[in-house]
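For clarity, chains are labelled A, B, C and D in written order, and residue numbers in each chain start from 1.
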Amino acid sequence: MVERMTRRIEEMGLKAHVIIGTERTVIAAVGDKRDGEQETLESCDEVDKVVPILAPYKVASRETRAEPTCVNTLDLKIGGGHIGVIAGPCSVESEEQLLTSARAVKAAGATGLRGGAFKPRTSPYAFQGLKEDGLKLLAAARDETGLAVVTEIMTPGHIDLLVKYADVLQIGARNMQNYHLLQAVGDAGKPVLLKRGPSATMDEFLLAAEYILDRGNSQVVLCERGVRTFETHTRFTLPLASVPYLQQRTHLPVLIDPSHGTGIASLVPPMAAAAVAVGCDGLMVEVHPDPSKALSDGAQSLTPKVFAEMMETCRTVASSSGKRLG
Amino acid sequence: MVERMTRRIEEMGLKAHVIIGTERTVIAAVGDKRDGEQETLESCDEVDKVVPILAPYKVASRETRAEPTCVNTLDLKIGGGHIGVIAGPCSVESEEQLLTSARAVKAAGATGLRGGAFKPRTSPYAFQGLKEDGLKLLAAARDETGLAVVTEIMTPGHIDLLVKYADVLQIGARNMQNYHLLQAVGDAGKPVLLKRGPSATMDEFLLAAEYILDRGNSQVVLCERGVRTFETHTRFTLPLASVPYLQQRTHLPVLIDPSHGTGIASLVPPMAAAAVAVGCDGLMVEVHPDPSKALSDGAQSLTPKVFAEMMETCRTVASSSGKRLG
Amino acid sequence: MVERMTRRIEEMGLKAHVIIGTERTVIAAVGDKRDGEQETLESCDEVDKVVPILAPYKVASRETRAEPTCVNTLDLKIGGGHIGVIAGPCSVESEEQLLTSARAVKAAGATGLRGGAFKPRTSPYAFQGLKEDGLKLLAAARDETGLAVVTEIMTPGHIDLLVKYADVLQIGARNMQNYHLLQAVGDAGKPVLLKRGPSATMDEFLLAAEYILDRGNSQVVLCERGVRTFETHTRFTLPLASVPYLQQRTHLPVLIDPSHGTGIASLVPPMAAAAVAVGCDGLMVEVHPDPSKALSDGAQSLTPKVFAEMMETCRTVASSSGKRLG
Amino acid sequence: MVERMTRRIEEMGLKAHVIIGTERTVIAAVGDKRDGEQETLESCDEVDKVVPILAPYKVASRETRAEPTCVNTLDLKIGGGHIGVIAGPCSVESEEQLLTSARAVKAAGATGLRGGAFKPRTSPYAFQGLKEDGLKLLAAARDETGLAVVTEIMTPGHIDLLVKYADVLQIGARNMQNYHLLQAVGDAGKPVLLKRGPSATMDEFLLAAEYILDRGNSQVVLCERGVRTFETHTRFTLPLASVPYLQQRTHLPVLIDPSHGTGIASLVPPMAAAAVAVGCDGLMVEVHPDPSKALSDGAQSLTPKVFAEMMETCRTVASSSGKRLG
């Protein structure tokens, strides 16, 4: 029946997105509005009702799907009452550094492992990551710990390589509007963690997600990691109000990155607790066995010990609202 | 002994601020540094040690006073483990509106009553407040409920009038750098709630507080109420990281205003909970018996019912970190 | 006749602002709109037509007065084809410093002299200005050079003192929304230079001017001095597009302050030339005989020599658009 | 001799960039600093002196090359006393639309033709450009008018296609930190117009250019097109101070895009004149035969007539500083 409707919608020159919920199935028909379409579709027996989606982001909108989406892979669950915790070093630097980090964050309750193998760096002369060697180390760490690997993809040409090793493909803030990259991860069929650009509006953010959803990939996590403002005492300004604001508009889960959002290790634990209190669906936190020796982002990385304490606090806050952390 | 040292400091052409803590007494000597001064002071028997304060804000600095300051008047306690809650309408509009609000916020656990009698309005043609009549209504509401009255002062010329009715003098965001007003409230001897200007840096904010402290008034509450950024989906961008950042630098309590910080009623309760989780010392929330009829700020005002629910959640989050709310 | 209409408008409970142009006289009737009013006024013989002003700023709006306002006092003319140039030190520091500056800027073609006697300073411990002594020096410099004195007023309590010495009262950026101060200068009957607050929107800026105009003072100059953004390489970000944007909406003249707008002396001359090219009605520039020794704003102050060269370039650019500079 | 030094530098594990100026030849040796290197190089007979480059952007820095770079292709000259003018529609829409635009801007004095064939659009549902058909129309317009074609490249996979048709490859603001794309255009050997990201700092902007220069491509134009701030009355805030600021630090030419920088057609001509007065090396302006019917950016596009008038004014301002426009 869904297939029949899909075909009919496509015959009308529209694109059909099938969204199967627990209560009802929605088929989003995206394309230019024409006269008579609504009536034609409504006249089909299988159709309960036809509702125009007012938001510019169609498939991402709560109007299209009322229930929250839970993105999950391995033990990592983000959304729908689960607060996923992705932790690990900024960059993969060595086998030892990565495994030590992975074991520590796993022990503290994380379910995802972050680590950059291809690093977008402001300067061409800065450390650019271990590349494929880094990916191999991430895969090895997953094999040992069971943590889902979350790592950044920088360009469409790397898609085959990344898909081989990663569980979640991360789109960095600098690439939020790199539309060919969004389409490539949309086609790749892996969960995507999409970071908000530092000066992106909410509509721009949701429309970037829509580029991915529009390719048929519905496993998208929105990551708020701070915006660029006149404030310089923190690396970015982290607006936690994004969480409830986005949750009112989209069914996609919203994750907070307090490490980039503040840039200062001592501010990360209180902001992580606040993120849980405001209702976030996940956290992404930089942890390094020895932050003072990190090749990147040392100032904002937690030690394993501080991370474990942070997790304790966050678990208490989460439980007070009936959510599970990690 | 303190008196003797104070005199000696003043004889050296410096200004002395006496700060009596539970563990030790600090006398801040503020003025231009001259050779030999440190040695002279250190040679006094009563002096344990002389420490230069590096921060530009001297009296506000944690270097001067390590313990947190608790600002308190009537039952309102802000800081030092107490989360003060100030709630009420944006503007005082009528006796009924104010009393209904006061009773409701008192019942839900607030210990301070907000309400503008002199309103700084963007347009000269907008409602400017009930002025002295509004102050009288506030005082009457305090008499009935015991709530401490927090209300804005707009100009030094109003100081005598305001002191007669208010328990806490509020300096609005527009006046954060109105230095003559800061000095006037510094001299008035009443607790002051100082709102951060929408584009003030942390140093500017703390130095504005220093203008008040420098007049000998140490009862100052810092209020973060959001900054102006490119974001327009919320009225302001509310950076909760200000709370731990400020608390690391100053002993003054830090209060969050999620109403102005978001401008959207549905975002106020989650942001209030997040503020408590991040470690704030107080909350200031707009509550109106009928927000749709409010003469100002209706869109961001909570109904008494939603406010009471918000208080429940905040109390749970507060207790998980051993703090008392309201 | 104008008097008669004014009286009639006031009898209707409205406020009347009489604006006498070269082509027609406008009486702005400000107050709450009521049924029948427009018809009543239109029926008067003396009334040509009654037009509702849509802009929130009524008297400042081009809808109320189509011709540009020229603010002028002594030889200083700002607006209506005249580009007024106000130059001088940030703070009045000494008789010699001020007179040297005044003579130099006069020689280079300035018609106004700036110099702060009461200085709003971020820190209570910074140099606060020479106060009345500074005002006296400014008046003496005017007596010698004929330059109009432009100096800042910080609080309503200083109004009598300032009026005695100054030709133009400046409202600083920090006080743009200090409404009691705006009303005080509105009542004082002297030309006012109103600086835009560093995060004020255009509507907030024009409504601040409206507070002054609403008291019957129509001699208001709008000064764009840069806004606070994420950019830190310049002190503020100076948006020259404000000039044509404002000129399309208001008849008030628009002046540019490239000194505060950039904070870097080497950027001041090119930005001054650009300001003239974009169509500004005036310039305000910091000049100091020896910037390296200035008590405030040394980094952005020009030497007299560089100022004179800047004036040469600006004059050429101005003449290409048929305007007179200084 | 240059070859010999280059080899020697590479043997030391460094990368050599040869920069041939009129007065001297510089070989920038980029890589990690090691002890003894400076002495080794200085001891070579052919070497005049070895100077460490302090700026993080090495090849882009004025320290490396004192003379301004002039980027030129066909009749388009940007930098070194030439103000290049690139004009045309936002998107290529049809043959007629493009040719009408091209003829008009050529007649008014432009030397470059802009026009998007691959359009980065905020929404996946918006017009995405004519793609290769658009490129063919651009090439045809160049064949007729002689204007250099400037068009955007969105992804490394398009490089072969773009190189076939375009004279200058444009990197859009959204892709300023798409490093693989920067490297791809660095390798392509065509002039590049690099737009500043809407929240990029000056260092980030110059380091993005450095990614291109580091691949051996020295024909890079920096384009300031406005930054994202709290201001919403213009589409972006256009900081003209970027021009002299950048010119003090880099030898690369700096071009202004007043169309995106303001988003409002009536503000484009005054801001273009101001850009010339501030010393820019080029202008990029959207012109459409009928802005009201444009498929994108209609509100900020000039009619051919207004563009021609704007060119007149800009020519006058340019000549007053001894520069040639177009």
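Keep this in mind: a contact is a pair of C-beta atoms (placed from the backbone, for glycine too) under 8 Å apart; a residue touches a chain by one contact, two chains touch by 3 or more.
Predicted, not measured: the structure shown is a model, and the values here were computed from it.
Asker: Can you tell me which chain lies farthest from chain D, using the average of the Cα atoms as each chain's centre?
Answerer: Between chain D and every other chain, the largest centroid distance is to B.
Asker: Looking at where chain A touches chain D, is over half of the residue numbers used by both copies, so same, or under half, so different?
Answerer: Both copies, chain A as well as chain D, present the same residues to each other, with over half of the numbers appearing on both sides.
Asker: Decide which interface, A-C or A-B, involves more C-beta pairs in contact, and give its chain pair.
Answerer: A-B
Asker: Calculate how many whole Å lie between the centre of chain A and the centre of chain D, each centre taken as the average of the chain's C-alpha atoms.
Answerer: Once rounded, the distance between the two centres reads 34 Å.
Asker: So how far apart, in whole Å, are chain A and chain B when each is placed at the average of its C-alpha atoms?
Answerer: The computed centroid separation for chain A versus chain B comes out at 37 Å.
Asker: Counting in whole Å, what is the centre-to-centre distance of chain A and chain C, each centre being its mean C-alpha position?
Answerer: Once rounded, the distance between the two centres reads 49 Å.
Asker: At least two other chains touched by the same residue of chain B: list those residues.
Answerer: Residues 199, 228-230, 232.
Asker: Please output the residues of chain D touching chain C within their complex, sorted ascending.
Answerer: 199, 201-202, 227, 229-234, 237-241, 243-245, 248, 261-262, 264, 266-267, 270-271, 273-279, 313, 316-317, 320-321
Asker: Residues of chain D touching chain A in their complex?
Answerer: Within the complex, chain D touches chain A at residues 30-31, 56-58, 120-125, 154-157, 174-175, 177-181, 197-199, 203-204, 207, 210-211, 214, 228.
Asker: Can you name the residues of chain D that touch chain B in the complex?
Answerer: By the definition above, chain D touches chain B via 199, 228-230, 232.
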